[in-house]
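See the structures that follow.
You will see chain A twice below: alongside chain B first, and alongside chain C after that.
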Partner chain A sequence: MLKTILRRTGKFAAIAAAGLVMSAQAAEPIKIGSFLSVTGPASFLGDPELKTLEMYVEKINEEGGVLGRQLELIHYDDVGNASNARNFASRLIRSDRVDIIVGGSTTGATMAAVPLVEQAKIPFISLAGAVVITTPVKEWVFKTPQSDRMAAERILADMKDRGITKIGLISGTGGFGSSGRTQTLEVAEKMGIEVLADETYSGSDTDMTAQLTNIRNTDGVEAVLNFGFGQGPAIVTRNYDQLGIELPFYQSHGVASDSFLELAGDAAEGLRLPASPLLVPDSLPEDDPQKDVVQSYKAEYEARWDSKVSTFGAYAYDGLMLAVQAIEAAGSTDKEAVREALENIQGYVGVTGVYNMSPEDHNGLEADSFRMLEVQNGDWKLVN
Partner chain B sequence: MFAEFLQYLFTGITIGATYALIALGFTLIYNASHVINFAQGEFLMIGGMATVSLTAMGVPMVLAIILAVLLAGVLGILLQRFAIAPAKQADVVTLIIITIGASIFIRGLAQLVWGKEYHVMQNFSSDEPIRIFGAVLNSQSLWVLGIGAILVVGLVLFFTRTLIGKAILATSMNKEAARLVGIRTQLVLMLAFLVSAVLGSVAGIVVAPITFTSYDIGIMLGLKGFVAAAIGGLGSGIGAVVGGLLLGVVEAMAAGYISSDYKDAVAFSMILVVLFFMPRGLFGAKVVERV
Partner chain C sequence: MLNRFMQMRLRDLVILAVILFALPLFLNNPFHYDLATQMAIIAATVVGLNLLVGFAGQISLGHAGFFGLGAYFTGIMTSNYGWSSVPALVVGAILVGIVAWIVGRPILRLKGHYLSMATLAVGFIIAIILNNERALTGGPDGMPVPAFTVFGWELSPFGSYNLLGMELNGSEAWYLFAAVVLLVAVWLAQNLIDSPIGRALRSVHGSEVAARVVGVDTARYKSLVFVVSAIYASAMGSLYAHFQGFITPAVAGFDFSILFITMVVLGGMGSTMGVILGAVVLKLLPQVLADFQELETVMFGAILMLTMIFMPKGLLPTIQTAVGKRMKKKAGGQA
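Now for the complex of A and B:
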């Protein structure tokens, strides 16, 4: 008797538990996983990225979620360390069982997670820049920022428009600068631009006068391009001004921020660089498709966090919106369906640019998504 | 051709003067205690960062500089009192490791207080560069050289003309004997840290308009200063100055004439070459081993 009761209760319990699981599944949130460099040396990337993700996940949930389900953001801080990134990616996949990953602030962190993601077959949208992330195309890996190659294309095209065919190049020896240098040399050869001088400086250098003197003394140089990151390019800009070099001067998108203007001061006057439209939201022409997105992202971010918006946060915005759009298009969180939907997104208008994904292009941006800016009177001016 | 050479020379001497000041700081503390103080670069950082943040708060530049130097001096004394002095029985190697720990601590603190951004400091005088024979000299370079020269002369006078200076020298020559004649060696050590912190912070302040300043500026500059001190011969004042200038000029020449890729490599291999042929450095004291 006791036994049967026990057995029955057991059965009931099992059925009840099963019921609970089913009802929980119906309302179960869509899990968006993320690993970002929120602290550590790359915190200037990860911090605005996390803030953006948190803010828009909240906003989407208030508006009813995606496919009637709430979004749940699960995020870890990799402190800018690639091996941490790998561990967290593994945790996101194995124990958190997320539906999609939007993260990876640096190229190092992204590339450390790529093998895991490919193996687990889970869609991954990276927020890091280097061209290696999506070239060659990896089935499950996408990215939102433009690559350094596009920056090089944009800069060199602008030079060509001005009739410049012979340039001097100076670049940082860090990851960003050296990758930029390689891309610039390749693109220059393709576009028929000659790189007559090729100098470098290390991230902790405090004076680049010697390198710039070499470039100045090279016959035939018509413009100078600096590919670098951090304070180095600001020192280059100041030395350039001190040496009184009159040639057109270009910087990369690596320094497209207001803090660069502050560091370089008057010396930056007249230099050009490719940048996100986010730097000049108000001077975008009325017919610019991105104008609304850019302005509302800037306004919402600054209202919520009371700090200046950055182009890096915008990468996370675009990553999240692409993920949401793909899940909606797929009609479920089935990984293969989401991946396919991501691959077929056409004409998504983001803050960074207009994305047209394809099976051959998991970035979906054109070099044109960079705007060419010139420093005029200590501020950015849209020139092209 | 000549203009090019002159340009490299100016660049080299300016940065070399900074290295020399840092090297002097190393030398001072080394002389007083045989400790190589790897927190020397942090004094440099404190000087620059404190000046920048004080001027940002509206303090006039001159006053900000004085306060920043005072702050670095206090930090130097604290470092000696709370990190070095309690471990006075320890090996020199242990003390050196303590200074490395202290430098990481100070850097971390600076990062919390001032953040991680780079900051600009205005040139002391005009922004207009000076042109000499086709080469360009940043007016701030003259400040670096001038203040560097004044500090070196001041130090020489301090060590040869004042009782305290002589006491430091005596302690460096023979600690036991110095104590026997009534010199308070702990006080001398504290003074050495104070003077060296002041030197470091002044170097950090005069060079900040050229290099910018941030919480981690002390790492590389401190290391280069150490290389300069080692080339010149640890413990030698002239050695520190010559080593610093030499290092700066060689670096600039290497970047100009060979390749900017090898600039740091040239600087660091210089230390190998010098120490290989002259194990005590260019001006190192000759040590006679008594049998």
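Now for the complex of A and C:
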């Protein structure tokens, strides 16, 4: 028994030593750090993000790496907890000494790491949504998803096109819903849309009939918008149908996934929401610049992991590709040079949208990178 | 000489001080200081909780609530109302003390573990409030907290300082500060334990009926120590908020409360040094296990289970007994 263990240890040591020698011969790898919520309540974000990062780091390395150097992905799981995220960010920066960070699944996790990143002067591409991450602009912080503000702008603009100016709003009280509510109220005021009813529900509610009845009984409401996440919006959709409300119904990008269609069933028929083109890869027009990227990402992801592609993984794809492009443009991993290169990326065509970064805009997306989809015959239909 | 030292009342405190000030020799980057600072702050919280659990025999399942309340009070007052850190910490601690007294006083008149249920509820309520009062607390996305300031002097993890001719960076300065705070926290707790209050509490823990018979006002002492432990949590929450620079409602969450209790049980109920060890171990585990990402939770659970089964008294008391037996054997052999 002991002998076997010893022998195994010996073998292992030999392999490790060989590995060391080999890595010493090759150029120092470029270290990409990441902290993601791979497990825990936000795992639906972190899991596809990690899979995407792993798969494309592998792919890039097979194709010869970046600047002739291999990429090395160092990742930790923050379990959706902001203090863990901060600790792992600290570890990535100070102990692992990574060259760039691509991560932060939730807004809380991202914001907890921001003070460290700013101080250590390391380029950081966040995968979380809220506006606060890049407004006001922070020198070293970038992000790939559109903000909830853009979603609100996109929805309200679509309403205006349909001649709707008075709406009812129902939102979840979680981070996503309440931030979305604040943004919607602000944008609505700017665009001259009146929010006549403003209802909320908590994540664990199982019936929203009361709130919807309040909205229905408010005079003058011409459309209803639900800003929320998880199962709540599916319940709202079902209740909406049960109450027989005939007004146009909008959901946010928070539920733009196929599993929402399964949860909501027939009740979802006719509702509209802003979403990533990833949901409708085949109905994108031929001249859409994103068509190729979207289709190949979807195909590669689904082939590799045998599971449905998700919008969140696409954020990680864009984050990694932006990082790679910036490092190539900078010609080194010098942090200031990479940061400047990131800031000057123009016209990068990603899965989420076309990025045009600038010193004033560290997100680089426009509201029309969202596609307006309508549910027709139980499937997504591109309407705008 | 050694024997005299071993019997000194503040022996533990001296040992702890030596460890704390020798530790920087083994820390070689700011990340290590970062972790050590957090450990010291959390350990001080747990020392306070141990007064309640280990000496009064009551369990609080909502201590993170008090911790979070302190953190958020500091965060809100210093960033929105321009308060200085010390007044915010003190006022926050007093308010939390009052909350704890209101919760504890009626319940602690009863026998049994009603306090656990009440604190469980209070913890949840605090977390819900922090989550929903978006205008004040920033909601689930959290809020930033400015650096710790005293009379215009700022202690930031990113600054650089000069102490008696030594150049310190912000992380090292924070570590020293947290180490001193932990020593003060332990010193206060030791004094409380060795005072008449402490003796009364131990009598309550031993047998509540007997304590009453000899004239100990059990309800009063129990609520007193509950308030003290809540104040510990609040004050440490304030420091934690300053150190982290950003807080989310997770600091007041149920998971965090359970973590606190686990630290006490793992380290050894009633042993001040033991619970500090518990805090260190549980704070270190996620970092050590980070490389086994998929197995992290399983290993965490296994370690806890094994400790519970084989060391029911907790880590440190078990080790102490083992070492004590050995030494006796040796001494016996020589004689």
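Heads up, the rule we're going with is that the second predicted complex is superposed on the first by the 358 of 384 C-alpha atoms of A that agree within 3 Å, B and C clash if a C-alpha of one lies under 4 Å from a C-alpha of the other, contacts with A are read in each partner's own complex, and residues count from 1 in each chain.
The working rule: a contact is a pair of C-beta atoms (placed from the backbone, for glycine too) under 8 Å apart; a residue touches a chain by one contact, two chains touch by 3 or more.
From a predicted model like this one, the values you see are computed outputs, not experimental measurements.
Superposition model on chain A: chain B and chain C are shown accommodated side by side without a clash. Of the two partner chains, both chain B and chain C are touched by A:T173. By the document's definition of touching, of the two partners only chain C reaches A:P115; chain B does not. Contacts of A:R94 after superposition on the shared chain: chain C is touched, whereas chain B is not. Once chain A of one complex is fitted onto chain A of the other, the partner contacts of A:S204 are limited to chain B, with no touch recorded for chain C. Contacts of A:N214 after superposition on the shared chain: chain B is touched, whereas chain C is not.
Residue contacts after overlaying the shared chain place A:G254 against neither chain B nor chain C. When the two structures are aligned on the shared chain, A:D266 is found in touch with chain B, with no touch to chain C. In the superposed pair of complexes, A:G350 makes contact with neither chain B nor chain C.
Put simply, the nearest alpha carbons of chain B and chain C end up 5 Å apart when the two models share chain A.
173 are the residues of chain A that lie in the contact sets of both chain B and chain C, per the superposition on chain A. Chain A meets chain B in the complex at residues 41, 43-44, 173, 199-202, 204-207, 209-211, 213-214, 217, 230-231, 234-235, 242-244, 259, 262-263, 265-266. Those residues of chain C that touch chain A in the complex are listed here as 29-32, 34-35, 38, 131-132, 134, 139-142, 144, 157-158, 244-248, 250-251, 255, 286-287, 290, 293, 296-297. Of all the residues in chain B, the ones that touch chain A in their complex are 4, 7-8, 10-11, 14-15, 116-120, 127, 129, 136, 138, 207, 210-212, 214, 219-221, 252-253, 255-256, 260-261, 263-264.
Only residues 38-39, 76-77, 81-84, 86-88, 90-91, 93-95, 107-108, 111-112, 114-115, 119, 130, 132, 173-175, 178-179, 182 of chain A touch chain C when the two sit together in their complex.
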